[in-house]
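Presented below is the structure to which this report refers.
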Amino acid sequence: MNGYNFAYLDEQTKRMIRRALLKAVAIPGHQIPFGSREMPLPYGWGTGGIQVTAAVLGPDDVLKVIDQGADDTTNAVSIRRFFARTAGVATKTHTSVATIIQTRHRIPEQALTEGQILVYQVPMPDPLAKLEPSRAETTRMHGLAEYGLMHVKLYEDITRFGHVSISYDYPVMVNDRYLMSPSPIPAYDNPKLSRNPALQLFGAGREKRIYAIPPHTEVRSLDFDDHPFRTTRAPHACDLCGDDASYLDEVVTDNQGGRMFVCSDTDHCASRQALKEAAE
Amino acid sequence: MAYVAVKGGERAIDNAHAWLDSDRRGDPAVAEIGVDQIREQLGRSVDRVMAEGSLYDRDLAALAIKQAQGDLIEAAFLLRAFRTTLPRFAASTPVETAAMRIRRRISAVFKDMPGGQILGPTYDYTHRLLDFTLAAGHTPAPALREAAEQAVAPRIHDILGHEGLIEPDVASDAEPFDITREPLAFPAGRDARLQSLARGDEGFLLAMGYSTQRGWGGTHPFVGEIRVGEVLVEIVPPELGFAIEIGEITLTECQMVNQFAGSRTVPPQFTRGYGLVFGHGDRRAMAMALVDRSLRASELGEAATAPAQIPEFVISHCDNIEATGFVEHLKLPHYVDFQSELETIRRMRRDVEAALLQEAAE
Amino acid sequence: MSDPTLLSARGLNLRFGAVPALVDVDADLWPGEVLAIVGESGSGKTTLLNVLSGRMAPQSGVVWYREPAGGLVDVHAMPAPALRALHRSDWGFVHQNPRDSLRMGVSAGGNVGERLMAQGSRHYGSIRESAIAWLSEVEIDASRVDDLPRTFSGGMLQRLQIARTLVTHPRLVFMDEPTGGLDVSVQARLLDLIRGLVARLGIAAVLVTHDLAVARLLAHRVMVMQQGCVVESGLTDQVLDDPQHPYTQLLVSSVLAA
């Protein structure tokens, strides 16, 4: 695009972000402050993810952008267009052919492979923020690995509800050291964070933090020995592709309580439908 | 099947943009507004957008206002997003407000002082009656302003400073923090705080300043001085080694004098609250000065209990570009998270119902 | 008294502007001993407690703490992580106002269990069991374990704070007016409880109080402070029954008169 650098950000800024990314990879799960720039999209709409993607994107990359698991939601479309316009890179919806996947709220169903990069958009990078509003204090707590308070929250949940009531943005321990927000992905996706062969990068633009999970890093969802972490999904099969293990969206079909359930991952669902049709 | 996959996000966005364009233009039978008209006739809007957009350019601010249909936060956002792409050539030397070419200068603490009181173009003593002659179109009589524009006046605080009644203004040659380049950490220095306030949301600053007057962290303020006018901006190019003028900007500066009884560490004296903003903006500069002084509570040994005294609270929430983005992002789809909440709530209800049934059976 | 001390301070000085808060203060505390610091408000006793516990730095002087392994550490030279770790395991702090330490939005069980979880306990059932056991230690009915502290009386809150502090079996507890602000009858019951727990668990304690009766009941030794100086110290009975310094005499006589 005329008048703007490749992928919008100037090279100095990209270098600054890459330095933060290198630090983040070196200290898995630790939030690295970075000089987040104002972007032409609003804060809270993926500015952190966009800056990270812009900093790692090259002309030969193949970019996939999803929001809620879907390639065709408006914000995913908007961000994909932004990079098509400012970087001219190829954009695809197939998970397997993408080299960089920017995501909001999901990890693709299809297992990622070595060499792929998953970039998460993060609204609130600090899981302690819900318990302790002062950033100065939570920074100290991370520095000293004082995470008792987070377990108090889980203890209280079990006491009140019989189980942990967090269903998304479920806090994790990375490499046995840093407490980390996985971004608001459903807890269903948490197991995929751990020992993933892909590089996982997290960008929080408004809060000006970057963090990372390097490939094959151990990530543990917080729990108690006698109340182990467990995931939930709607107990149905996808009405379009028949998958009974994927994460489902519930769609209201009429005013009489009619519902159908479909895969939230549109690429996964479409691929399965195509396979089914080919077999018939 | 009743369900149609939600395809076509791309087309929906294109349609929305086209609709927005025609909505912005309004009735084509009415003449289109010019950017020059906004710049000249909506000056206070331009000033606010420049301040919150933290970019001094009256033409671009006017364009942003036009593009945003007069939504000033949206306009400031447009300026910010433009500003962030600009290369940085140099940092200016500190502007000398004592040498300001003054249009307006008032003090609430001295009846008269060197340089005098100059009301300038102010709404202060207008009666707020709708002026229907403006609706009909109206050319004002020329104003007398030559005398005022020539005036150069010493700052009131320098006068008070001679007696040692007010805390000294400590000069520093240290490179100031830059909130547009570096991530802010708390506790933040006063340089970072003042920068944040200078471009903070006017409504938020006003409410915070107001809260200090109503007892939520009182600072006993007096308006030492408000001055509005033009100052020169100078840079020192390294290849030249001396300062050259690169232009002139309009600023509003407010110096508050705050009563202070002293504390364990500081003797009784007047203290300062400082406001400096782009353009003509008494309200903005005054609110900033109130909040600046309030945020110094801990430094001066006062108990910091009210919201306006807590730097992390004020600074983290004063930026309306950040705030509007995060508040409005709730419009984005959240159905994955909502789905997981639905399943959790259903499970919790099943558990409770099972427990109740069992209780009834026993 | 030839045993090694648990906590020792030498030459502590601290001024707030013109006001002296600590003037050349020395102090020693032996394992299992309760030391009371008494004086009027403004005498520097709370400042001394804060300096001894590392919460406030002196302008000069040193505070030594003997670790369980026997080594001495300079409390004010410790890195922050080590000091905080000490505060949540080997040490405890009981505030005058229990609301300063308790989490009012967290159940009684969660409050007591927090220190265990901070130390790495990850078994919900056993954390809850310990919490219930500690509630009964401080005479709070086990049925209250899931209740929020805001439903508790003042005396119960203070006992809950004590349970929350002692759950990790600290060797040393700092107490700031632990019975202040409570009714006399509630005070008596609480003092009894503290005395029993401290003796049975062999906990050493530094106790700040303006109330000589509290000092007499709980403390083995007493330090009397006036305007930042220690004017008299010794065995509790000795100091209170036969005060030598005029200020101590005044304190003792004003209690008798009251």
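A few comments on the model shown:
All chains are identified by letter, namely A, B and C, in their written order; residue positions are counted from 1 within each chain.
The rule is simple: a residue touches a chain if its C-beta (ideal position, glycine included) is under 8 Å from a C-beta of that chain, and two chains touch if they have at least 3 such contacts.
Note that the coordinates shown come from a computational prediction; the quantities given were computed from them, not determined experimentally.
Looking at contact counts per chain pair, the maximum sits at A-B. Of all chains, C has its CA centroid at the greatest distance from the CA centroid of chain A.
One inter-chain figure worth recording: chain A and chain B are separated by 33 Å, centre to centre, where each centre is the mean of the chain's CA atoms.
For this pair, chain A with chain C, the centres built from the Cα atoms lie 47 Å apart.
For chain B, no residue reaches two or more other chains under the stated contact definition.
Only residues 80-81, 84-85, 88, 103, 106-107, 109-110, 113-115, 117-119, 122-125, 127-128, 146 of chain C touch chain A when the two sit together in their complex. Partner chain B is touched in their complex by these residues of chain A: 4, 8, 10, 33-40, 42-45, 47, 67-70, 72-78, 81, 104-106, 123, 134-136, 139, 161-163, 165, 167-169, 184-188, 206, 208-209, 232-234, 239-240, 247-251, 253-254, 258, 260, 262, 264, 266.
Against chain C, in their complex, chain A makes its touches with residues 140, 143-144, 146-149, 151-152, 155-156, 158-160, 223-227.
Of all residues in chain B, those touching chain A in their complex are 1-3, 5-10, 12-13, 77, 80-81, 83-85, 87, 180-187, 312, 316, 321-322, 324-329, 332-337, 339-344, 347-348, 351.
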